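One structure, as structure tokens, below. Some questions next.
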Amino acid sequence: MKWSDTLFPAALTLGILVLWEVLVQIMHTPAFILPPPSAIGLCAVIKAPLIWPHALATALEIVLGITLALGTSIPLAIFMFARPGIEKGLSPFLVASQAVPVFALAPLLVIWLGYGIWSKVFMAWVIIFFPITVSLLSGLKSCDPDFRKLFTLMGAGFWMKLRLLYWPWALPQFFAGLKVGVTVATIGAVIGEWVGAQKGLGYLMIQSNARLNTDLVFACILWLSGMGIGLWALVSFAEKRMVTWKNN
Amino acid sequence: MKWSDTLFPAALTLGILVLWEVLVQIMHTPAFILPPPSAIGLCAVIKAPLIWPHALATALEIVLGITLALGTSIPLAIFMFARPGIEKGLSPFLVASQAVPVFALAPLLVIWLGYGIWSKVFMAWVIIFFPITVSLLSGLKSCDPDFRKLFTLMGAGFWMKLRLLYWPWALPQFFAGLKVGVTVATIGAVIGEWVGAQKGLGYLMIQSNARLNTDLVFACILWLSGMGIGLWALVSFAEKRMVTWKNN
Amino acid sequence: QKLVLMLDWFPNVDHLPVYVAQKSGYFAAQGLEVEIIVPSETSDALKLAAAGKVDLAVSYQPQTIMAADAGLKVKAVAPLVVKPLTTLMFLDESIKNPADLSGKKIGYTVPGLMDMLLKGFADINGITDYTPVNVGFTILPALASKQVAAVMGPFKTYETVTMQQQGVTARFFELEKYGIPEYEELIFAAGDATLETKKAAVHGFVIAVHKALADIKKDPDKALSLYFEALPDVDKEIETKAFALTAEYFAAPGQVSNPEKWQTFIDFALKYGLIKNTIRPQDLIYSQNND
Amino acid sequence: MLEVLGLAKSFGLQTIFENFDLNLPHGRFTVLVGPSGCGKSTLFDCLTGIVCPDQGRIVWQGNAIAHLGSLAAYMQQKDMLLPWLTLEENSLLPVQARPRTLRDMKQAKQTLARIFERIGLTGFGAHYPYQVSGGMRQRCALARTLMFDRDLVLLDEPLSALDAITRRELQNLLLMLQKEFGKTVLMITHDIEEALVLADEIILVGPTPMTILERFQPKASKPREFTQPEFMETKARILSRLLTEKEKIQG
Amino acid sequence: MLEVLGLAKSFGLQTIFENFDLNLPHGRFTVLVGPSGCGKSTLFDCLTGIVCPDQGRIVWQGNAIAHLGSLAAYMQQKDMLLPWLTLEENSLLPVQARPRTLRDMKQAKQTLARIFERIGLTGFGAHYPYQVSGGMRQRCALARTLMFDRDLVLLDEPLSALDAITRRELQNLLLMLQKEFGKTVLMITHDIEEALVLADEIILVGPTPMTILERFQPKASKPREFTQPEFMETKARILSRLLTEKEKIQG
């Protein structure tokens, strides 16, 4: 990694922030539409005691959503992989489920699932589920057929092949999907908090938005981004630990 | 493909629909909470003349969004691949960009892009951009280093390597990401239509929802799903045409 | 000249005078071309008006007061609906007075506004231990599924009709009858900057709307048919019934906002913590004589 | 033990087999020699079911079967090592892949240690395939094939990447496998001397479609040295036969 | 033409080179022979920069360079064919990869057609790598290496998967390459007879770390036949030397 390469993003960040700050000042953009970054940063720090419990609630929803998504999409991907005929029939449903704008359904969903935590977890789940399933399935399907045959010759059953061959083969692609999934999971939870929440960053944002505390809205976004980046880093770390065999 | 495999999803669909219909009838669920599938289907057909122009508007937004996303995420992924240092610095921004909920952006978008089609295209773009970039980047990075060295020995420059090696290598993963991307693009456009729209399926849904025309809401969802499946099929077709060399 | 008007919600009979003015060519007669835009969120209209990105906003008197409290430079230009329409709505017949809702979940429609009003309402009427829940626009489903016992925010003129259409009889407490001061439900608002740069156009707009209001009083059926011409997609039955209920609440032609009403509500808002600063009605109500 | 009758297989317009017959008696060491690209590997693939023949019957110990599947141990021409497993893990795959007990596994590990010793991989068990040389990868693939523990062993150019000395050692290992463990071995090689040293029978095949040109049964007792004059003659014979058949494959 | 001085390279605790020197005169055909796993391929990788040596200097035509990079044509031990390109496309890569004109390309295609003719791949240009035999893949990799058109050619076991006849033909091709096109060739092989037939100099290396055990300069004029008595003797000598050095590599 060249020194200039590390410098570049830092410079970029700084540049964007400064430009933003300056533009907001020069153009007299009202703070209730786009607060200057300095105000956002300040608010994110000063209001931390207010934000913290909400962030915790959202984090719990996200974690539950991710857990649920892993627990469902991994078996489903494996099932669809094991039965290509079923995959053909099922994938339109999966695709259709994704094209459903959940947030439009969010208010109704909340009524079906109640105003508790589960409607939010469900939202996060719906959003993560798809990228994980698709990437895992595509990873499994990309397995070299010559190796598949080798395992058949060794007398390995489907589960053995899965454990020793398909799964390690699909891991890199699975992780790519997981990275996308955990990142957008934050949005899922927030959309879930849109209606029927008493807590959570989404709730706080809606309230602050209505009260024209736009700097708090953006401070919440900053916290959310932090959570997204944290999850991303966590997945990247897990990837590094689990995909050790790449020769570079 | 076994016959039972084709049968299974069909049976599943039918089963779900019948169960839904029966449950709604038995429990006397009011149509504004959950309309029966028959009513949705009927509405989707009968109201087609009403839905059609809205669907057209949304479709245009989606297509433009996808085009824009391809035009930006491909160069960005390649750039980040070419400069891993920059990738390290830039990816937090990408991740952070995914955590921004729309309603915070809506007034901003109106200010920057106006009430026209571009604020919707922008939303679609934001949503598709991420999965495509991540999957393409991960595909490029997965390239066997031995082949990279071979091309270096042949005196190939970066662009040559990209054309002859990295790009074909990344294609399968790129398509996996594109599939996720085009599917959620429908959501992006619909979300965008929250921002001061006069047209589009998202606009129609919001209106119908507030007016308690829940069957029309679901009919719109049906149309949207259809569009999602269509895009998915299109990408799958393109994949089949472009990734021809897999030996199975 | 071009004017951009952002509504408070999706178009409905509340906005009928605007569409009548449009269809009757009253805007054109004032040399105006009015573009009508639907918002993504109820607070968008005021925000964008204050920022000068839309010229006019349809808003609510309480919202305008709270926005001014938050420092937005906006003024009410003219009233549209002069009496409160907002209710606390419920289905359960056994609820006879507000205190019966104690200990229950109560929904509200517009976060940041209706939850505050609900708080005041509960304080005044002795509702204790309730849990406020944001239900967004899904008022009826939330009520019908018994997820909440009541909802703060639906209009007695519109939501009652849509519910009737679905076979549900809505009951409600009218806010002004339970200790909340009377206020002007819907007003036109504009940003201070717009009022300086496009003063004449705004005047023209107000004149055109007043003409439309006069027409509505004279010939309601004609007005309604002009409205349907402008919005061919709407459910005619619901809108017709809702119009019958709404018509009497529209501002009279030439009517201006009443500063005393505003003062009363500002006092109330201060008392129940909806706002923090003292605000003078004359700073909020724009009148041609002011300058 | 194994009989192939009327095997037919084409890839598009290219016919690899047309009514091809083969017969392998129990416990014998048979070596297949033939020009590059004539269809030797494809024959193995058809036998094991990796490739699906267009026609033909396979009879295994008196029973007609579709293909051998996991009845035979098959060492393919490519080494086919999994990049995420070490050499030891790769070699243990045939044991891992089937239902087994902990004791099976322990025994297998001991067996493998002995095999690694013989093939010169001791100390490299924890290396990943990309960390070892081409010849070592080939030896690892051979070790894995031996871990299959089947009566029939199919070897596709198993020693092609090895130096002369290592090669000779492993030839002896293969002979021991046949003799002491009673395995039936069918092996492909391009090294005629290797064929002469190892084979009970050498089958010389030619293209296209693949036909059996000639069969040789070296009589000398094993272990053999190539220097016997009988062999020189046979080698020359095979070479000249190969030469005349060679051109057919092109075109 | 090429000089390597004080090369050192270790993988973890395993030292492959320690102060290793080598010197290749212009226009010569040098063959490297040594036990499997002793570091021959690693030497090539260090020369070309695929592997980064710990120490050492490379001097190329009088100039010190970090590594040869694209100065040499290198045929690796693995065939390294891209699965999504046909044999023809794969072979044309070295031309494609560099700036070129349309005429270059046309000429290259003609050259390639001639090479395919000689190595027996005519008619298989449109096949994908998975559609051809192991020996054909190796020949395609050789064709690609010839398309590099560099003065120095490094070949790592280029003919190991070929039958005796094809092998002999391609040996002649390599000789022609050296003689008619004046290339300097450095080749690794395990086939001592091949080494004797081709080499101006045979370098026998042993493990570990890799050292030059002995150098042989066969005097007979080319084309040679292996049957010359001088060769028999040299072969026996190399074999016995290999045998004694063999054990060192293990442990």
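We just call them A, B, C, D and E in the order they show up, numbering each chain from 1.
One rule holds in what follows: contacts are C-beta pairs under 8 Å (C-beta built on N, C-alpha and C of every residue); 3 or more make two chains touch, one makes a residue touch a chain.
Note that the coordinates shown come from a computational prediction; the quantities given were computed from them, not determined experimentally.
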Problem - Any chain that touches chain D and chain C - result: A
Exercise for the section: Please give the intersection of the contact partners of chain B with those of chain C. Expected result: A
Practice task
Specify the chain most distant from chain E by Cα centroid.
Solution key: C
Completion exercise
Ranked by contact pairs, first place goes to A-B
Completion exercise
Per the C-alpha means, the centres of chain A and chain B lie apart by a whole-Å value of 15
Fill in the blank from the handout: Expressed in whole Å, how far the mean CA point of chain B lies from that of chain D is 51
Practice task
Determine the centre-to-centre distance between chain A and chain C, using the mean Cα coordinates as centres, and give it in whole Å.
Solution key: 38
Fill in the blank from the handout: Rounded to the nearest Å, the gap separating the Cα centres of chain D and chain E is 27
Completion exercise
chain D touches at least 2 other chains through residues 78
Fill in the blank from the handout: Each of the following residues of chain A touches two or more other chains, namely 33, 107-108, 111, 206, 209, 247
Handout entry: Residue list for chain C, restricted to those that touch at least two other chains
Key = 41, 47-48, 51, 137-138, 141, 145
Problem - Pairs of chains found to touch, sorted by chain label - result: A-B, A-C, A-D, B-C, B-E, D-E
Completion exercise
Touching chain A in the complex, chain D uses residues 48-50, 69-70, 72, 74, 76, 78, 80, 82-85, 93-94, 96-98, 128, 130, 148
Handout entry: Contacting residues of chain A [partner chain D, same complex]
Key = 146-147, 149-156, 160-161, 164-165, 168, 244-247
Problem - Complex interface listing, chain E residues touching chain D - result: 11, 33-37, 39-42, 77-78, 120, 122-123, 131-136, 139, 157, 160-167, 190-192, 239, 242-243, 246, 249-251
Exercise for the section: Using the touch rule from the top, collect the residues of chain C that touch chain A in their complex. Expected result: 41-43, 47-48, 50-51, 66-67, 70-72, 105, 110-113, 115, 131-138, 141-142, 145, 147
Fill in the blank from the handout: chain A residues touching chain C in their complex are 29-30, 32-33, 107-108, 110-111, 114-115, 194-198, 203, 206-207, 209-213
